[in-house]
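Naming follows writing order (A, B, C, D and E), and every chain is counted from residue 1.
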Amino acid sequence: MNKRMLTQNAAFGMFWLAGIVAVLIMAFVVGYIFVKGFPGISLDFFTTSPRGGLSGDGGIYSTVVTTFYMIVVTLTFATPLGVGAAIYLTEYSANTENKVVRKLVTVARFGVETLAGVPSIVFGLFGYALFVSALNFGFSILSASLAGACLIIPVIIRTTEEALKSVPSGYREGSLALGANRWETTWKVVLPAAFRGISTGILLSAGRIVSETAIFFVTLGGSYRVPHSLMSGGRTMALHVYYLAMETRAFDKAMSTAAVLVGLIIVMNLTINMITSKIAAK
Amino acid sequence: MTSGTRRTGLEKIMKTVLLISALASVLIVLLIFVFTLKEAMPAFREIGVWKMLSGTTWRPGNGEFGILAMIAGSGLVTLGAIIIGVPLALGTAVFLSEIAPEWIVRVVRPSIELLAGIPSVVYGLFGMVIIVPLVRMIPAPGNAGFGLLSASIVLAVMVLPTIANISEFAIRSVPRGYKEGSLALGATKWETISRVMIPAARPGIISAVVLGLGRALGETIAMIMVIGNSVILPTAMTDNPLSIFLSRARTLTGNIAVEISYATGVHESALFATGVVLFILIMLVNSSARFLLKKGAQ
Amino acid sequence: METEVTRMQAEDYSLFYGQFKALNKINIKIPANRVTAFIGPSGCGKSTFLRSFNRMNDLIPSVTTTGTVYLDGKDVGKQDVVELRRKVGMVFQRPNPFPKSIFDNVAYGPRLHGTKNKSDLAVLVEKSLRRSALWDEVKDDLQKSGMSLSGGQQQRLCIARAIAVNPEVILMDEPASALDPVATLKIEELMNELKNKYTIAIVTHNMQQAGRVSDYTAFMLTDENRSGNLIEFGATKQIFTTPSDSRTEDYISGRFG
Amino acid sequence: METEVTRMQAEDYSLFYGQFKALNKINIKIPANRVTAFIGPSGCGKSTFLRSFNRMNDLIPSVTTTGTVYLDGKDVGKQDVVELRRKVGMVFQRPNPFPKSIFDNVAYGPRLHGTKNKSDLAVLVEKSLRRSALWDEVKDDLQKSGMSLSGGQQQRLCIARAIAVNPEVILMDEPASALDPVATLKIEELMNELKNKYTIAIVTHNMQQAGRVSDYTAFMLTDENRSGNLIEFGATKQIFTTPSDSRTEDYISGRFG
Amino acid sequence: GEQATADGTEAVEEVEISVVGSTTVQPLAELLSEAYEAIHPNVLVTISGGGSSVGVKSAAEQTADIGMASREIKDSEIQDCPEIVIHTIARDGIAIVANPDLDINGLTMEQARDIFAGEITDWSEVGGSAGMIIVAAREEGSGTRSAFEDLVMDESLISETAILQPSNGAIRTTVATTPGCIAFISFGYLDDSTKPVAIDGALPTPENVNAGTYPVVRPLNMVTYGEPTGAVAQWLQFIVGEDGQAIVAAEGYLPI
């Protein structure tokens, strides 16, 4: 008896340790960034653009604009495709008798899974070869967000599918039993009920864009100017951290930018948690 | 009746539109593969697939394009990350799902989610400034801090949230009945966790680890910042075989990112070939995971 | 029985889930403007059979059928499924209002089928809620979410939703199983009222309820292959007092558990 | 009743889920080597009360209690919970075998409590499976997963698992609600057999079952605050024929739905 | 946006010049563009990285107005697109630098070669106090590296175990933070975080380069498709002109 409790206490001790270590890592990483980064953050830091050259001078204005630009354009490409695909896979695919379509659906599922596993540098290479070079879009927001869209489409598909699956089947049956067709049922009953879950997924994808570096490293060009069209190149905040850390020696600026970035991620996570806890409350 | 035909028409249109979006993901995968492969073809043709895969020297200037060292680098750094990260992540998952009081869960879980959102550049920066100097203090000839160990540590932290989150979810979704059944037989909490909960959650835990593995294999920016990027087959630096992890190395992803800016001709093509190898490697990992899961489900 | 008008009918109707035969050659005529109760032990195929009338089983990919189900003499399999489901309404075992307002729940069907005019809708919603005996309890706040009602109220809301599209048949799958005794009574009264206008088929586990509420009773049972068979069908009084099959008697007297 | 030995007892026992009082001052003595049935409408606290005997409610963080539950005269709250649960076995409403082989399911408890020897285990497993009337059906393949059995077999497997640790009391929460009539009968026979050795408490919704299987019956009902109260407790015969409370009569005769 | 001014003078047309290529030239180009835009507010020069090869290719394919390259243009590139025109805008020295804590000031050419080839592995072998030598270098294909190999390494190869980093900045950071580290970087990146190492007695300064005593130099180029016209021509004019070259010199590069 005693030995059993002793084993339990030893095991639980290890688990507490694991939990504590995980939190310490987080506290250390985030704390370090904030402690080093906060002194450099001021209003000026947000309202001025970086300077050229190697000094690392200037603020982050243009990188904030580029980041925002990237989020909007990427989501514009990826959201309809991702949500549409998820709707097809959850709401329609089970009910098709057509053999060809069934095969296609299997292939599509495989596609989504594969896509989710592709490392981002490969998306970068692909984006560079297709959008930057072959299609001649150059280093631009357009090229980068098309490549970025490929990265987040599987994220959106998966989270949307989860959200749709969690809609009680009673809603669908209730609607169909009233003589609604599939699309009417989806549009009027299922999508509204899944709305929060879907928006969580989209927000999550926005987070991926904010923190992505490898893809944009080879498709966005890194110009520190404020972009003025889809064809302009640019530098996202994450990319700016890379440039600051690797090219200049402005470590303090890199940390300040990283702190802003982490702050943004925290805000996004809080929003997601708020949305999901509201779902749970329902 | 006209309303009826309009409704049916819309239904048909939407069905087609949605099917097309579902197929878009296939199209993207195909496009990626075809494009990368197309760019990689000249290298495969001129160098030879086998020669590339088995070659240990990478000297584009001399026309030598062996990527075995990079495959080894990617493999070892991932192995290191798994060795360090998996116990920590699984421990955290069990802690969160079964042990920690609710208020602690409410603090720890968001912290871990936050780790997942931090950009990899920041981890790289962090690794360069904190981890590399720490590792440099290990006495061994040639140890400059940059290398597999530093990279594995950074990577372990990066995959921690992925593995911990999914495993926690898997453990939480074990039917309550199992737990109650075990406790009702007079099992202690730990016996219940180790003999019933974890075995029942195994498929989820495996897929969590595999997903982490995939992320580790695919990580780029943080890796080039801390791993040293030397193209050498890692070897032990002292009598202790573990010192292999003090060796510098280059990952497949790093190979692409480090050299793509200046590469031309066959060299550039060889980098795309590296991408193809990476792509196939990850697909292998994922499908073996699916195979494991299927076997587990039976 | 011979004098009744038949509204729905099954002829040699069998249904398979994949390889598994869940219904075995069912023949039955459901009379118009009557309440027909389906009883039988768990798993004998009552729900499955009920869902055949409005082709809800089409949603399950593994289902195949043989034989025919008719509505007013026409094969339901050959009718437009959307229109069929409008004519044959369904109320589910667990009340499933949409996460919308009470008003929008009831107006959902009519809107689909072309009623756009606001005042027409208002009239229709009120009428339906009155018929389902819910009006008095909700008339003060039709904008309240349908989900915020009690279980019994939700079930009546679903009935209102079903009758708002003016169906000819209403199928109810254990409509009172999740309800407390008071709500159950209200729903039973409602059925009595509704049968003047609609043909009603209900599934119930509760013998007393079947006795109280139905005009006709169908008793189903699984055979040695676990397929559902129709054992006996007739006027409720006769089935409950002088069943012709000994298994029916066993079941009704509770000897089956 | 006065001549019975009391095995378990509740004294002024109340239980709260957060603010909500689910059980209100329950007093009852469960006699040894008898089957005691708990009946009452849904939500009256039967499961909650049953789970108090082996402190299963400890798993729910919001639960607080007042009063005392005794096993053999000793406060269960002061006993080692692991040992208590070994003595007070439980069979759940939904069969919950572990995703392990049949053998490992039954051997799980004994292994925990120190039986390591292979042949001892084999003997114990066989004995338990025989007692739970499952042996003949599974003896050819004890390595098959417990999850692959039918619902009724799973339930008997869970009973075997429970008796393998040699408990003194067995709690069963609606053990037959998910089962077909044949499996139900088997389990009822089993209870009759087991009561020679064990004290059994069961929850059931099925009046007939309570009548057939139990020696004593406890009837519970919620009061105006939705708290569960023990209305009447006595020999099953007496409760079913001459209940002293009119609400008991109403419930048993089915007037509650 | 530039609009017609109130006094009726004609609005100046807005032009954008896209410049793509070498990450070494990028910072210099950025500074040049800032100075140029200050006098020509109607001109916007956007500068992207990508690498020398991408620069040449972009110019050849006309996806950018100007390509940047931090190396000589290869014969193969000229063959692929004979129309390209090369404009050398500056020269760049390549300095050998070491961690500032090292007590070493100069090396012979031979010692430098042996260190980078991995044959000398301890500082005591070249007159410093004992300590492991850690070599850092740019990646294969980099212009800085090939220039360094041509000028210093002769037939030898840079050691395989060298730490490789994909940019001058990253190399500088590595040298500055790693004890015992030595590497080579572009003149433009010299600052007090690293210690310049004299070769055969000559420190890496523009003066020594001009005097011919410090030999490690390469051109920084801009490439256009055909002879440049209009705004592009004016901007290139500015760079090679007095003001442009002043900036080149101020940044530590060698004016042409």
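What we mean here is this: a contact is a pair of C-beta atoms (placed from the backbone, for glycine too) under 8 Å apart; a residue touches a chain by one contact, two chains touch by 3 or more.
The structure presented is a predicted model; accordingly, all values stated were derived computationally and were not measured.
J.: Strictly by the touch rule at the top, which chains does chain B share as contacts with chain E?
T.: Both chain B and chain E are touched by A, going by the contact rule given at the top.
J.: Rotation angle, chain C onto chain D: superpose the C-alpha atoms of these two copies and give the value as a multiple of 5 degrees.
T.: Rotation angle between the two copies comes out at 175 degrees.
J.: Sort the other chains by how far their Cα centres are from that of chain C and give me the top one.
T.: Using the mean of the C-alpha atoms as each chain's centre, the farthest one from chain C is E.
J.: Using Cα averages as centroids, what's the distance between chain C and chain D in whole Å?
T.: Their C-alpha centroids are separated by 36 Å.
J.: Using mean CA coordinates as chain centres, what's the chain D-chain E distance in Å?
T.: So the centre of chain D lies 82 Å away from the centre of chain E.
J.: I'd like to verify one number: the distance from the centre of chain A to the centre of chain C, where each centre is the average of its C-alpha atoms, in whole angstrom.
T.: 47
J.: Averaging over Cα atoms per chain, report the distance between chain A and chain B in Å.
T.: 17
J.: What residues in chain B touch two or more of the other chains?
T.: Residues 7-8, 128-129, 188, 191, 225, 257, 260.
J.: For chain D, what residues touch not just one other chain but two or more?
T.: 82-83, 112, in rising order.
J.: Can you list the chain E residues in contact with two or more other chains?
T.: Where chain E meets two or more other chains at a single residue, that happens at 23, 49-50, 57, 165-166, 170, 173.
J.: How about chain A: which of its residues touch chain E in the complex?
T.: Residues 51-54, 133, 136, 138-139, 218, 220-225, 232-233, 245-249.
J.: In the complex of these two chains, what residues of chain C are touching chain A?
T.: Interface residues on the chain C side: 54, 56, 58-59, 61, 82-86, 89-90, 92, 94, 96-100, 108-109, 112-113, 158, 161-162, 165.
J.: Can you tell me which positions in chain E touch chain A when the two form their complex?
T.: Contacts found on chain E: 18, 20, 23, 26-31, 33-34, 44, 46-50, 57-58, 61, 63-64, 165-170, 172-173, 176, 188-189, 191, 193, 251.
J.: In the complex formed with chain B, which residues of chain A make contact?
T.: Residues in contact with chain B: 4-5, 7-8, 11-12, 14-19, 21-23, 25-27, 29-30, 32-33, 80-85, 87-89, 92-93, 101, 104-105, 107-108, 110-115, 117-126, 128-130, 134, 150, 153-154, 157, 181-184, 207, 210-214, 217-218, 238-239, 241-242, 245-246, 251, 254-255, 258, 261-262, 265-266, 268-269, 273.
J.: Touching residues of chain E toward chain B in the complex: what are they?
T.: Contact set of chain E toward chain B: 23, 49-54, 57, 74, 76-77, 132, 134, 139-143, 146, 149, 157, 160-166, 170, 173-174, 177-181.
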